[in-house]
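Chain lettering (A, B, C and D) follows the sequence in which the chains are written, and residue indices restart at 1 in each chain.
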Amino acid sequence: MTDALLQQLLNGLSIGFGYALIALGLTLAFGVLHIINFGHGEVVMLGALTVVMAGKLGLPYIVAVPLAMLVGVLAGWVFDALAVSPLLGRPEGRTDILLTTFAMGVLFNQAVLSVWGPAPARVDGLQGRLELAGVGLSSQRFFVIAASIAALAALDLLARRTRFGVEMRAVAQGEHAARVVGIAVKSVGTRAFLLAAAVGGLGGALLAPITSYSPMLGQAVLIKAFVIVVLGGLGSAGGAVVCALGVGVIEAMLGLVLEEGLAAACVYSLMLLVLLLRPQGLAGAVR
Amino acid sequence: MKATLRDLGIGLVLAASLASVLTSSYLLDVAAYAAVLAIFVLAVSVTFGQLGYVSFGHAAFLGLGAYTVGILVAQAGWSYWAALPLGLLPGLVLGVLIGAVSARLSGAYFAIATLVVAEILVLLVVNWVDLTRGPMGLMVAASPMPLSDLVGWSPQQGYLFAVAAALVLAFVLLRNLRDSATGREWTAIREAPALAESLGIATARSRVLNIAVSGALASFAGALLIPKVFVLSPSLLGVSHSATGILGVILGGKATLVGPMLGGALFAIIPEGLRFMGDLNFAAFALMLLVVVRVLPGGLVGWAATRPAVARRLARRSPGGMGALPAPAPLAARARRDGTLLEVGAVSRQFKGLKAVQEVSFSVRAGEIVGLIGPNGAGKTTLLSMLSGFLPVSAGTIRAVGQDIAGRPAHEVARLGVVRSFQQTALCAGQTVAANMAIASRLHRPADLSGALVRTPAWQARERERMAHALGCLDEVGLLPRLDETAGSLPYGEQKLLGVAMALAAQPEVLLLDEPAAGLNPVEAARLARVLSGLRDKGMTLVVVDHNLKMLMSFVDRVVVLHHGVKIADGAPQEVTRMPEVVEAYLGRAQAERIEAVAA
Amino acid sequence: MRRLMAAALAGLLAMGTAAAQDVKVGVLYPIKTMLGQQGRNGAELAAQMINADGGVLPGRPLRLIVYDDNYQPADAVSAARRLLAEDKVPVIVGGINTAVSLGITQVARQSGAMFLAAVTKAPQVTEYDRAFRFNPLVSTDGEVFNQYLKDRIKPQRMAVVVENGDYGRSIIANMKAAFGNAVVATELYEILKQTDFSTLASRVKSANPDVVCMAFSAPEQGGSLLRTLAEAGVKARRCILPGSVTPALVQVAGPAAEGAFTLDIWAPTMNTETNRKFVAAYEARYKAPPGKVDFLGFESMWVLGQAIRAAGTATDTARIAATLRQGTWDSPRGPLKFPGNQATSDKWVALEVRDGKIVVSD
Amino acid sequence: MTALLQVEELSVRYGANRAVRGVCVEVRPREVVALVGANGAGKSSLLNALLGLVPHAGGRIQLAGRRIDALSTRERIAAGLALSPEGRRVFPELTVEENLDLGDLGRDLALRREQRDGVYHRFPRLLERRTQLAGTMSGGEQQMLAIGRALMARPRVLMLDEPTLGLAPVIVREIAGFIRHIRSAGVSVLLAEQNAEMALGAADRAYVLQNGEVVMHGGAREMAAHPDVRSAYLGL
């Protein structure tokens, strides 16, 4: 029984880290630019698609992952140029951005559909399996965990130790104040958005071997990511990560004792409960 | 009332003629769908546009209404038209529940609460197969609308009339609601929630009401959808309908009611119009949305309202159907009470172990003006927040107007007559000065929801009285000439004065002012001092926090000094400013001499 | 210049007259999804082959008007009304999910049009006498399939994994009725939303089955499921319910699909003349082998063409429906009849995935 | 003496609204210049336009003889302007030290450290609180931080927008003292202040703004004695 628990813990963690990366992209854009990117799911999908395409060209998965981040950045750049930056200065711009990012997401999705079709595809990822004390984990899931931790650590370092990171936090806390000290607010915002897109692309690339690629992938994960972002405390990166891991592990654990529909309903009910008990989100717990 | 009936009449005639003119079953179908989505998006705009709460899961209400009525018809054998009015109920109940859970929180939690509820409902519908037929879909046979064959209408024409009539009714009632005290409450909550609470608005309850209204309407839209779709499936509760709700509001323009109606209708009409594009129709629609929002800020109607011609017409219309504004009613003197009006007993407040206020006791007699001073961070604002119900006390008692108010919510404290102003300017920055004052007059006359819905003559008379009182308060601080300006565009000092006027409009017996003179130059501050002494003459009791000692000392009766959360002095201005610890902690030496000169 | 315009005008006129002679047929699929594209591909191929053969009525080719039903009843009802009221088609072909098919049935019933439900398994469709269903009912699948399992596979410990919904739940009920205690585990997963099957795989593994029976409508989920089962070390035989073993599934599942078997009404390798023509034409036109939905999309249109020809009318839907019900029709899966408006053929084939290909077993 | 900061005919427009109209102001080396005026007279708009936070609609700005009106905010700061904004505007969830470091645009860490030590020396309270989040400090401490952050850029002209707003008299005195000190250290100060008494007490020269225009200017003492100023701005 403990083996099964440990196994589920690992499975839950691997999925939880995937959620974390996707939620992190959303929360970054919210934290710095105060916008909600309704098209973020499509960036994740493009990351997954990149790995598929790279596989078809014969590139090894490990090479395709950074490529997916690059594609995420490119997609993010298009999003920013057409659907975000031009609206930021407008009085109701941040509301309008809900609509423009949604529309951009649809356009990306439709473009992918018309070029590559709606068919799903397999992503092989890393092969093999690691056995540890009677518990097995596929290399891919292990890689998801390791790569996510590495990415999160890198982001943390970036936010704390680099000039760009501190500037990003400054813009998040006060746009006018940031301008007063000479921070190029617009450029910091754009770079933060691109960073969010890169993280989203990475999330897609890491999850694709587990979930299989499909053009609908983005929409499937986005709802959960939204809930995680809010539960974690809007704009709080630490809260989002903790919350994502929690959701992943709880889902996996509940799955052991409940059937899937019921388990999902339980997870959502738990979320409502958290809203009731900790209205400020989990952010306070993990500053 | 006349205008309301006239608008309803015109709307019903329009609905009937639309139903009579269209004969193609396809066009009837599209028109009915457009009307249903218009109602749904209108419902979303109640929370989104008026309360400022985005909902990611309004389809929860839509689907719940559809399934409730659908199950009554398909499983319990009700007639569709008999069950239809019940479509309002489930949304109302769910709205109250979601509202109660999330109303105290910021809008983001509301968005997620609706999203999560929608997901749970999907799981419920999918798994409760006996009742809902699960993903296969619940077939619901809707009979033709009663009496529709008498006018020679086909079932589809009768249905279109019913939906269009419902849209007209919803629009007229929501418009009346928006222009009433209730609608103004929502505006205040959206733009300045703390201010709303300080003016006696029960923000939590008002939010719940808003969400319940929106939920009821959305769920009714769901019930209205049944004859159009024949089959209810879990996709009704899905993200695509929720997205239609938000995006329709944005497309139309969330500042208005016409905008969301238009936006909703377009979400039915444009995709149909693009059918010829085959599998590119969705992409074409998205592209149109993107271009429209990029080119027309504020949505279709929001943009149109900024066109000079339209703006001129809109400006001619008076707010709230009130006609011309009434003449200001001078602020009446109130009967003077005797004895102690405010009694603070050993009040303490801690934040995470930090003692912001420690066992402070003092009392204020009726008709007294007390100055509250002390260094920055001494706990003055914390104390004021406790006195006005914005912060609970950690220990101690506060009695005001003969009642124990410690632990009561701020809006109740305000209703008892203890009203505060804010250190930072707090006003509805996007509204005109007049609108701000109308909001502030909340406590002058009770809100009357049913009267407001049909605009009875009695309600209109009360509205005029209310406005006259509000304008009188504005006159008191000398801002009457600024009536039509946007509050946020006033200079800082005038914003603070407007804050004082708004607090006055809430009819306080005890007025708590937090740094009213900050940002005023000496001339402006002197003028404020005259206004405040005038208030005492009209029977008001004041507690004033300010650093402008020259001004403060010119009109206060007594001064209470806080330092590190502890009261270190309490007495007449001349005595207090001479006390060494006050000089040390607060005044600095040279300053003290000058103040004394002024105070003497 | 004038000559050019005259030529253009003549061309337009010719098109107008040709259009008047066309027999218009409405086609409704969720054309932005994979299954919807497959249904449309099949229908268009059938129309092309019928028209190459001289059309349905003397000198009158089929013309398809294709709209998107978006898997939503609201869209499907509007589209069906448009087909019937504006485009004036007598027949609508298509429909994948049940809710949409039921909506189309209602609209067709209101205006007396015909509806050929190509893919759905919904029982209620045929309650309307001019609506016909081409895919077998779940109960029919079950009878044939359970018999096959009992005769050939003889499972001792079965795990049943299906998507959560009516379809999945009726499969579980069916299996439990047929195999009783041999069903040692039943698992449901959320259609389209579930992305990770590791928990489910752990549970299946701990039940220690010798056969895992699965059903799914989305190949990406089916593929992930098979792969996760393999990853978790489940060694049981993979049995897949009718309709889900498709080229897309094999592509997504990769080596994990190896050895999976199923029973179905049709296979690309079935040896009838029409099937050979269909598969050859499909591969020529779309550069890929056809799957089950391609086949159903093709078959429904192919049979409609024959029925219109036999009835001698493209507008009298009552007559076409009566003709269709009474006759025996040519299909890639062999001779086809419509007792109770349900397409029925005698032949079922056993299929297996071998070396990444779907082949007829034994 | 030549001007360090020379502003000629500067205008600022918000939509149709002209907040600043053709204002000429100069600040000389080692000089404290006060801007006095009622609410909405254009003092803040002027300071914000000098730093490039709001676009100016016309005019010239020269700093040490160099045109800076086409430069970005960042370049203007590098050229020697810095602002402690109205309402203090510290970064509430950054530590005191992080706030200060953001004020320094340079990349030389040693220089930054030296500069920081200088600020700590001037405001020992900030040193005590260097690891504390800025948002948890009192109003007076936040004002010191805002000024310290501006000093980190090593400005030649330090602009202070309402530095005493909402502050207790002791702190007001402290800030007045700071202004005298910083001038003696060679930094000029441009001070916009509602508290005209304090401003005229601390300044060498003053400009009176009304409806976005300069209506009077001269030595601070003369201005404080001028009857119009006394009645309109000092309330005497």
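In the analysis below, contacts are C-beta pairs under 8 Å (C-beta built on N, C-alpha and C of every residue); 3 or more make two chains touch, one makes a residue touch a chain.
Since we're looking at a predicted model, the values are computed, not measured.
Trainee: What chains, if any, are shared contacts of subunit A and subunit D?
Mentor: Chains touching both subunit A and subunit D: B.
Trainee: Please name the chain that ends up farthest from subunit C once chain centres are defined by their CA atoms averaged.
Mentor: D
Trainee: Would you mind pulling out the distance in Å between where the CA atoms of subunit C average out and where those of subunit D do?
Mentor: Comparing mean C-alpha positions, subunit D is 75 Å from subunit C.
Trainee: When the C-alpha atoms of subunit A and subunit B are each averaged to a single point, how far apart are the two points in Å?
Mentor: Centres of subunit A and subunit B (C-alpha means) sit 34 Å apart.
Trainee: Between subunit B and subunit C, what's the gap in Å when you average each chain's C-alpha atoms?
Mentor: So the centroids are 53 Å from each other.
Trainee: Can you pull out the residues of subunit B that are in contact with at least two other chains?
Mentor: 126-127, 279, 282
Trainee: At least two other chains touched by the same residue of subunit D: list those residues.
Mentor: Touching at least two other chains: none.
Trainee: Any chance you could list the residues of subunit A touching two or more other chains?
Mentor: 110, 113, 261, 264
Trainee: Just spell out which pairs of chains touch, all of them.
Mentor: Final set of chain pairs in contact is A-B, A-C, A-D, B-C, B-D.
Trainee: Per the contact definition, I'd like the list of subunit C residues that touch subunit B in the complex.
Mentor: 31-32, 66-68, 71-75, 77-79, 81-82, 84-86, 97-100, 102-103, 106-107, 110-111, 122, 124, 164-167, 169, 191
Trainee: Write out the stretch or stretches of subunit B touching subunit D in their complex.
Mentor: So the residues of subunit B in touch with subunit D come to 373-377, 423, 490-494, 515, 518-526, 547, 549-550, 585-588, 590-591.
Trainee: For subunit C, which residues are in contact with subunit A within the complex?
Mentor: 32-34, 36-37, 164, 187-190, 192-196, 198-200, 202-203, 206, 218-221, 223-224, 227-228, 231-233, 248, 251-254
Trainee: For subunit D, which residues are in contact with subunit B within the complex?
Mentor: Residue list for subunit D touching subunit B: 37-40, 137-141, 162, 165-173, 194-197, 231-236.
Trainee: Please give the residue numbers of subunit B that touch subunit C in the complex, ascending.
Mentor: Listed in rising order, the residues of subunit B that touch subunit C are 24-27, 29-30, 33, 126-127, 129, 133-137, 139, 225, 228-233, 235, 240, 271-272, 275, 278-279, 281-282.
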